[in-house]
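Submitted below is the structure of interest, expressed as structure tokens.
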Amino acid sequence: MNAQSLLHDDKPRAETLKARYARVRDDTLFLCATLAPEDTVAQSMPDASPAKWHLAHTTWFFEKFVLGRDPDRTALHPEWHYLFNSYYQSAGPMHARPQRGLITRPTLEQIIDYRHQVDERVLAMLEHGVDDELTSVVILGLHHEQQHQELLLTDIKHLFSCNPLEPVYMELARASGARAQPLRFLDRPSGVVRTGHEGDGFAYDNECPRHDELLHPHRIAHRPVNNAEFIAFIRDGGYSTPTLWMSEGWQVVQDEGWQHPLYWSGDLASEFTLSGRREIDPYAPVSHVSFFEADAYARWAGARLPTEAEWETLAREQPVQGNLRGRGLLHPAPAPDDDGFGPVQLYGDVWEWTSSPYVNYPGFRPLAGALGEYNGKFMCGQWVLRGGSCVTPDDHIRASYRNFFYPASRWQFTGIRLGRDA
Amino acid sequence: MNAQSLLHDDKPRAETLKARYARVRDDTLFLCATLAPEDTVAQSMPDASPAKWHLAHTTWFFEKFVLGRDPDRTALHPEWHYLFNSYYQSAGPMHARPQRGLITRPTLEQIIDYRHQVDERVLAMLEHGVDDELTSVVILGLHHEQQHQELLLTDIKHLFSCNPLEPVYMELARASGARAQPLRFLDRPSGVVRTGHEGDGFAYDNECPRHDELLHPHRIAHRPVNNAEFIAFIRDGGYSTPTLWMSEGWQVVQDEGWQHPLYWSGDLASEFTLSGRREIDPYAPVSHVSFFEADAYARWAGARLPTEAEWETLAREQPVQGNLRGRGLLHPAPAPDDDGFGPVQLYGDVWEWTSSPYVNYPGFRPLAGALGEYNGKFMCGQWVLRGGSCVTPDDHIRASYRNFFYPASRWQFTGIRLGRDA
Amino acid sequence: MNAQSLLHDDKPRAETLKARYARVRDDTLFLCATLAPEDTVAQSMPDASPAKWHLAHTTWFFEKFVLGRDPDRTALHPEWHYLFNSYYQSAGPMHARPQRGLITRPTLEQIIDYRHQVDERVLAMLEHGVDDELTSVVILGLHHEQQHQELLLTDIKHLFSCNPLEPVYMELARASGARAQPLRFLDRPSGVVRTGHEGDGFAYDNECPRHDELLHPHRIAHRPVNNAEFIAFIRDGGYSTPTLWMSEGWQVVQDEGWQHPLYWSGDLASEFTLSGRREIDPYAPVSHVSFFEADAYARWAGARLPTEAEWETLAREQPVQGNLRGRGLLHPAPAPDDDGFGPVQLYGDVWEWTSSPYVNYPGFRPLAGALGEYNGKFMCGQWVLRGGSCVTPDDHIRASYRNFFYPASRWQFTGIRLGRDA
Amino acid sequence: MNAQSLLHDDKPRAETLKARYARVRDDTLFLCATLAPEDTVAQSMPDASPAKWHLAHTTWFFEKFVLGRDPDRTALHPEWHYLFNSYYQSAGPMHARPQRGLITRPTLEQIIDYRHQVDERVLAMLEHGVDDELTSVVILGLHHEQQHQELLLTDIKHLFSCNPLEPVYMELARASGARAQPLRFLDRPSGVVRTGHEGDGFAYDNECPRHDELLHPHRIAHRPVNNAEFIAFIRDGGYSTPTLWMSEGWQVVQDEGWQHPLYWSGDLASEFTLSGRREIDPYAPVSHVSFFEADAYARWAGARLPTEAEWETLAREQPVQGNLRGRGLLHPAPAPDDDGFGPVQLYGDVWEWTSSPYVNYPGFRPLAGALGEYNGKFMCGQWVLRGGSCVTPDDHIRASYRNFFYPASRWQFTGIRLGRDA
């Protein structure tokens, strides 16, 4: 089984926890199959992490929070905990994030060995049966691992983009030539609705509790903004018109010299992808834009971004499917089923910036213990994104899923769906 | 009439626009009465501005947006516009904000002369009568001026605090020895309410439109957190317990070495005030805390900050009065009328941090033209504060007033009122 | 007596120490005669200091090192010492240099009063007669004051250049239209020579001891490089040819975007002067160039900079006269006496960068006590300049005088004299 | 043959150029024998380079300057030249130095393959015979390679020191327990001497031309300062006494919190070495001190650093032997032959800081073409060091060799030999 086949694999949904553990953990390794050991060391910016660190940190998570439940147990590499704790202050001190690229040891091989040792022990526990609490932590750990799978891909893309040789992560198919229909705004209901996680399935603490939200009269676009539309914004002087931008965003545009989305060539013709440099598809959703760019585009277009409650209410009506990682493109593509009525592409392709700052829901309670640091402490200065992207694992997205990034971040597959007051 | 008498002056409410213009403009000058020309030049940090700049910028505002309505008019000092435009991109280019402290010319005397010239012309226009649109701009200009009056005082306080000699801005009375009652949480109604500006009075665009908000079940504290309570937080290790803090706030605590509110001495006994160094009053509301500190305190106290809609709904029930600038203390003080039932001190003393990120209301429309840059473009990364402070002009605050600052800002008179889920 | 007459004043050379003290101290005040209080506060960069600080620091020097010899004496303003100590670690702690612009109090008036009080006391001491040791310190203090007079002018020039209004410090005459002769290289002797301070006159410790130096065969240009010549360098791509530059200098050129000397307009036609913006005189010595630019120019010209020993050996043969401050131009000018044989302009006009890093002479002994910090501790990373400039007091320069600045500094009147291996 | 045996290898001196080429090139690879691919990627600070980069850059040097002499030749990897040019502006544009750690491709294996391909071609050229000019370039390339061998070791040491796991580069023997004798100062002749490179052997351009220097009366210590002596300086408050330091050095001490040499533990008991953490040997020369520390120590000891001419004149009298890389310790050690008369340890152990800023010799001519950038453009702001260290190849050092580093640099094996005025 090679990495490409993994991407196209159809996941069984009714698998045991043990099978699921094995599958998700293996996925991470498969994603590294085309990487040289050298590729797994470097950290291209403080926001990103080395692939080797992702491999180790996700394993530390299981050792710390699953195997660590046994008080008599000896840690496998106690001296590594300091290196591979990300931000759990309650779980002990940690290495400075921007220095992750200097940790050449343990080597990739040692970390893969560490993964195997932890996996062996966790699988043995699962074989013997675990209580509900531990089951929850294992499931959380698997979702955590899947989040890091997405980051691993976007971090590698960023790292490779810093190399003038523009290495190819994987030669992947391009989407066939679907075309986008003219953008339509869908009428939507307003009033008090229930949002947030519902039911028995897994959700992060930040999706809870289920609660009331008040929707004001609004409409939402049937598909994301595409590259051709975004090029029109650029050609119309979008990046040189300060009144289109948040004040802080305008400052970033000036400081960073932004003139187009990340990874694009200056002539707006090609972009760096996980398959190397490729021609820009006018009908594919624009990607690698920051909140600032999404917000400025919306203002230029006489629209606004939808709120997360508006988005979620619409998405809840749609099946969770789309150009997710399993489709094997690892790049946004035009919707094959865009008949102009939609909605299309709510899931997959690009994370969609909303107009909602990332804060807690009313009645929010973080998880107990160190895992309470998972989400709550980041509820400041970031914005909510919804819907997953072309590198999100297919079973890792849902209507209530709240992703969040700083408004200047562009290295994720992030795009734009417009909304409007009705 | 000296500066101190100004502070105690009882303002007539039914004054003509002309009288009001004269009064507000004079207030700004009176606030500078104790300053040497040297004091009006320096800029102690990028967030602050020199007093001389405030004097000039507020005058530029009237020259640009009021006198400038006459297309045949010759600008008084066209070359000054570049220097005294703050952030109105539509109104022309501007001098870099962090360099404001290098502009020693025009001198204070020249700027006061400029004020007089502009005032003479505006008053002449008002004498002849102006249309509704221009009336609105004049009123906006006066509120703008009053905002800068508050900034002028907080900027001078910061500047003087940077001088090891700790100069006194003005010798002011201390509040008499009122005591604070134990903190109570008031029961509050929930459900859909109307919030935002209502009626004919002045409001900024960001307070509009009046709209529905959904209040979840909650309670609100009857008074702000006081210094004694905040000292208990400090003594309990509040500044050294990372799990109490937003991740970004914890970073600031580390980077800046915060161990107490701004202006406090290390022994928690005294604080720098506009009257020089003074003993800390345990019953006065804690002030000069950032959102990060307010949020960490609330978490430590098992509470949370109220949302801006919760705050506004409560405040709308109360008369707009309190320890505002007119009381002449220029420092927070215990509420003389705290009977333990309250609510007290919603207006004045300290701006109260809310849990609401500063974003637009549904249906928000910025003002037309350059004035549309007044508020909207700052709706990113800041948090809403409510209620005014001890340096807010008495006629410059109302229930719907939305102030906003970055979460690490501490140089305003900013404090904490707790809220709770019910 | 006004400031301009001061500049043209013919100084009596045989004055008493008391008369000299009074003259030099008064000079500093006269230099501030055209400044508003506002102008004396601001600090335009860490290298520069506010005029008010120069006035206070030079006074502190006399209070500390002259009046302070009396152990029973009470300091006039003990709390100011922290503010106005520059870098004498042995004399107590000091305020951070980059924060000097925030010290609005004491005011200019208070500092002038402080000057008068210290002057009164020093003059009373001098009246009663002082011992040789104290005489030396007073003389050192006066030379120190004269150094700060030069800095005061260059710092004000820099500050005013940061103001888009380009204020005029003083309306001064321009030099009459002398022309420069073609550059000639003078033949010079080589071998072991004596250099360094000689005789009974005043010298800083860094000019001592008199000692042997070995001159290698060389020649020196008869006059400094002028603006026309430097423009030829610019037009020939001097600022865009990396091989002409020291590696570190090239970095600065890139980082700072240097394309011409400081204060020049982009079209190479005008420059900002102490009299405001003026046309560039092609025959005046080029000024406000860094060591990096001087060194690159020399390389481009197939020459090199002279060593300080080469320079001093030549200068010792010449009378100490030239376009110094007393000539009242405060700007470099063509030599009226340039007959093409020279040498001309060794003294005055511009400080001439040498190829000598600033290190101690063999057998160097710093002064005892805190005054030992005057020079020695800066002998790292700086380069020697010789000859004084158009803002150097006439009685403050001599053949052995060693000035020193970092190689990227440009805000002094610094220029280029070429040398060559013979 | 393994890496350790290499270090002890006794090099034949009368080898052919071809044999020498093969030997030096192989040495570089052998030095990497204990490194994982991961170790060769990371760049721990802008001053350092990844091992992989050293391997590639030294190869690029031969491809560019040796193979590149053939105008008809096709470059092996033309797109790599941008990545592996260090600072030769004349040889084309180059990748930003601080970003070297992000270049994960080409991989280590590809670079080793590149080395083999270039070696094959160069050896073929040498087989056929080359002219004198090319011979010179090959020899220059080999010395260049040896410089990078030393950097490779010091860069790896620094990188590993950044890893809390403190990896071991190689388990090496410790020196046997020799003791140091009390420090003596040797009487030395003064007057005009000849210094600089002499004879037919290889030398860099910066060692030329041979020329006269004037030595002032002086003495030089018979051995370097050792750890015990340096600890006495620390215990006497050396790092907290500002008057011992250059002003710029004191700033660095404050900013960086220096309290002891780089790599030492806070208790002054152990240090990080290429063999991991080891106890400090009191009799070994102190190492990893900056110029600032060397200069402060000398001042504390009532001495000074020798000039480079003083050092060279003494060293020329001594055989070129000592604790160089061939001894296989890769760490400074007490001199086995210290009888208290000396001089000992002029060569090897530690590079000795001199009091001489790094500038050109009189009559200096850089090499023609791009190779002229090798040395001359760095003659600003750095200080000369002499004598080689415990990681310098045995055949890469001589009396006239001038090394140079910035005064705050500490990651090389740099130490202190005292001098004195006589």
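By letter and in written order, the chains are A, B, C and D; residue numbering begins at 1 in each of them.
What we mean here is this: contacts are C-beta pairs under 8 Å (C-beta built on N, C-alpha and C of every residue); 3 or more make two chains touch, one makes a residue touch a chain.
On a predicted model such as this, the values are computed, not experimentally measured, just so you know.
Steps from subunit B to subunit D, minimised over paths through touching chains, total 2. The chains in contact with subunit C as well as with subunit D do not exist; no chain meets both. As a whole-number value, the distance joining the C-alpha centres of subunit B and subunit C reads 47 Å.
Look at where the CA atoms of subunit A average out and do the same for subunit C: the two points lie 60 Å apart. With centres defined as mean CA coordinates, subunit B is found 39 Å away from subunit A. Along subunit C, no residue makes contact with two or more other chains. Touching chain pairs in this entry, ordered by label, are A-B, A-D, B-C, C-D. Residues of subunit B that touch subunit C in their complex: 36-42, 44, 52, 79-80, 82-83, 95, 99, 101-108, 159-160, 162-165, 167. Interface of subunit C with subunit D (complex): residues 87, 89-90, 192, 211-214, 216, 242-243, 245-250, 291-292, 295, 355, 357, 359, 362-363, 372-373, 377-381, 407, 421.
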